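So, here come the structures, one by one.
Note that subunit A is present in both complexes that follow, paired respectively with subunit B and with subunit C.
On to the complex of A and B.
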């Protein structure tokens, strides 16, 4: 008798209920050690909302990556699901459930 | 370009590659490339492009070789301390391959001089160490329609991307990294750099440049490669074109 098969969409269904994850390059952990060695999960929402949520875990984080107008500081890069975010000012791009935000610096050394 | 027997032998390991062949090597040998910066990245880029037989190499750098450079800038010998970096690197490239033309430029190219050299070459490699130069080189490449292979490295981390805005809907350097004016930047002199990191990123720049010249493979256009040497992890990002980009966007193209 064949074994019970998982429904084909089971993993898709699970993924839909997973909160977005925020990852960042090592050097940020030096300033925000409370973010290291843990999975950072936040509610789905705009990039701006996601960064504010990280700031709840690590106070000062938003000030570190955002300028006084709430735009990304110029050496700070951010991607959603491995696509670089071009709207650095309003930060209204949506981070979906199951999505991954990655924060990294622009490098200039040679 | 016609390859004689000596050159066919010298470049035989390229020619043996079905993707390159005699035609691909002839394109490499007939090409001219400008390398901005003769430091950590510029050394491996120039040594690989020179060894590969790129017909004409322009090397631009206004700095002189310093003892602290020698840990990673493998195109400079200890005896070259105090000498201009473009001169020193040109000598190392010529020692590997006397069959090509190597032209040192003893200044950090900018303005009109930058425009003139970019006009004259088939491809530009940015191996410089600051955002101001990177943006100036990008503007010249967008205006003159030249491909740009951009690399950067510091600490244990590197970044690599290729730009060619003649391809529709692909980004330029400015789409990816908006102007950095007034922002503090981290320099090797302050932060340190792990020696082979610049070799890894520089070799990948040479790889992309030669792929473009030989017309093989898929270039890193519209993508950004991040290399984390400490974790031994690579990540490739998609990079969209910014329609509002002041350098390559609609308005800039119409004004230009």
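On to the complex of A and C.
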């Protein structure tokens, strides 16, 4: 059966009304199993607000990705769609409707 | 379950290993030591120990990506919970140290201190409070903070008098440094991208809850007699081979410091520059190395529970090699305050051994001793070190060994 094709403008219109989602490395599901096998949707806002929302679903989550000053831990990477966040200290980068936040570990070693 | 031997000190039937790949617990069942399946699998565990007061098990998880965490088990290891992370309070700063390099100008940092906000890089050591203070715990960190909990680890607070000590530049919460920072970094901090000091030894006097010694790499030994309100350096008699002023007050590199529980004024120190002993609560240290017997460099040291003159070390070749001397692994024991040392080799490999035993990876309980190496070898003795039995050769690199 041929796949339904949506006009690009229609797809864009749908995206605008969709709340941001958060995806993360499966390593974090080990510590926060309540985040696994579900779509994590949050309100649009700053990265800081998004992480706070995830921390409400999974208390303690913020301690895994942020240090005591609220900055991203040194070996944690975070991107909004395919753009790595610029502000790793105050997490002010904005996550738009329809955007996806990706949280993943920086790679090192072989 | 702990039983008591004829010497009147606990003879533990549990061993906890902190390893590069998780926590391993051994139980002694029908005279055999049996390991349980590894827990915290895949996570580096730099220290694991059992609180003798209430049986709680503790593990310090050294997550590479997710920050250091403490894990706690109140059911003998069946289940483990995360404990709220230790956090430096707002305004906690330190004066940055840099790894000395050939073009390093030692006058530069003291002339213009550079400050950094403190973050916990590593929870290097957990110590249990005095029997009169149930719920009191201590944790030593890189970058050199002593944290205290009074509620069994639910919350932690930085000991500010030690953090603000004049040997570190004074109260940096209040403003800029008022003195020079004499605490140097430990190579153990380099993995975290810094060169900062670390607290790896915390000794609570069984006679007096307010009397605590801590040891810092690289600064030395510091003592409080008033419950942590004031701290005094205790490095008299210590000597450094690597600085132009060997007897300076600060800059010493204790690898591990411990005390005899039954004679708490007897302290033992395996230092970068030899083995040191004090019989007056660290007021004076005496070098008791015996290089001809191989006793000089190493990391761990263990003191007998009752006899303050008896201690054990696992010597290594100093210090560019850091492995067993001449390919033969041995433990050295003194029973006379370091005047003489006996080497204990029976049951240990005497050729092609390249093990190094790290600072927390030797322990004693009654007549039993146990140590593990970064090569993943684990040995136990039931007779005060006279003979040794191998409990396995394929463990992950072993960071800590503690009887439960």
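The working rule: the second predicted complex is superposed on the first by the 100 of 110 C-alpha atoms of A that agree within 3 Å, B and C clash if a C-alpha of one lies under 4 Å from a C-alpha of the other, contacts with A are read in each partner's own complex, and residues count from 1 in each chain.
To be clear about the criterion, a residue touches a chain if its C-beta (ideal position, glycine included) is under 8 Å from a C-beta of that chain, and two chains touch if they have at least 3 such contacts.
Every value quoted in this text rests on a predicted model; they were computed, and no experiment measured them.
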Partner chain in contact with A:64 - subunit B first, subunit C second, else both or neither: second
Partner chain in contact with A:75 - subunit B first, subunit C second, else both or neither: both
Touching partner for A:88 - first (subunit B), second (subunit C), both, neither: first
Which superposed partner A:31 touches (first subunit B, second subunit C, both, neither): second
Partner chain(s) touched by A:102 [first = subunit B, second = subunit C, both, neither]: first
Subunit B/subunit C common contact set on subunit A: 27, 73-75, 105-106, 108
Of subunit A, residues touching subunit B in the complex: 25-27, 73-75, 77, 79, 82-84, 86, 88, 102, 104-110
Residue ranges of subunit B touching subunit A (in the complex, touch as defined): 37, 39-42, 126-131, 134, 151-155, 157-159, 175-180, 183-188, 191, 193, 198, 224, 226, 228, 230-231, 235-240, 242
Contact footprint of subunit A on subunit C as seen in their complex: 63-67, 69, 82, 84-85, 87-88, 117, 119-120, 192-193
For the subunit A and subunit C complex, residues of the former touching the latter: 27-28, 31, 60, 63-65, 67-69, 73-76, 105-106, 108
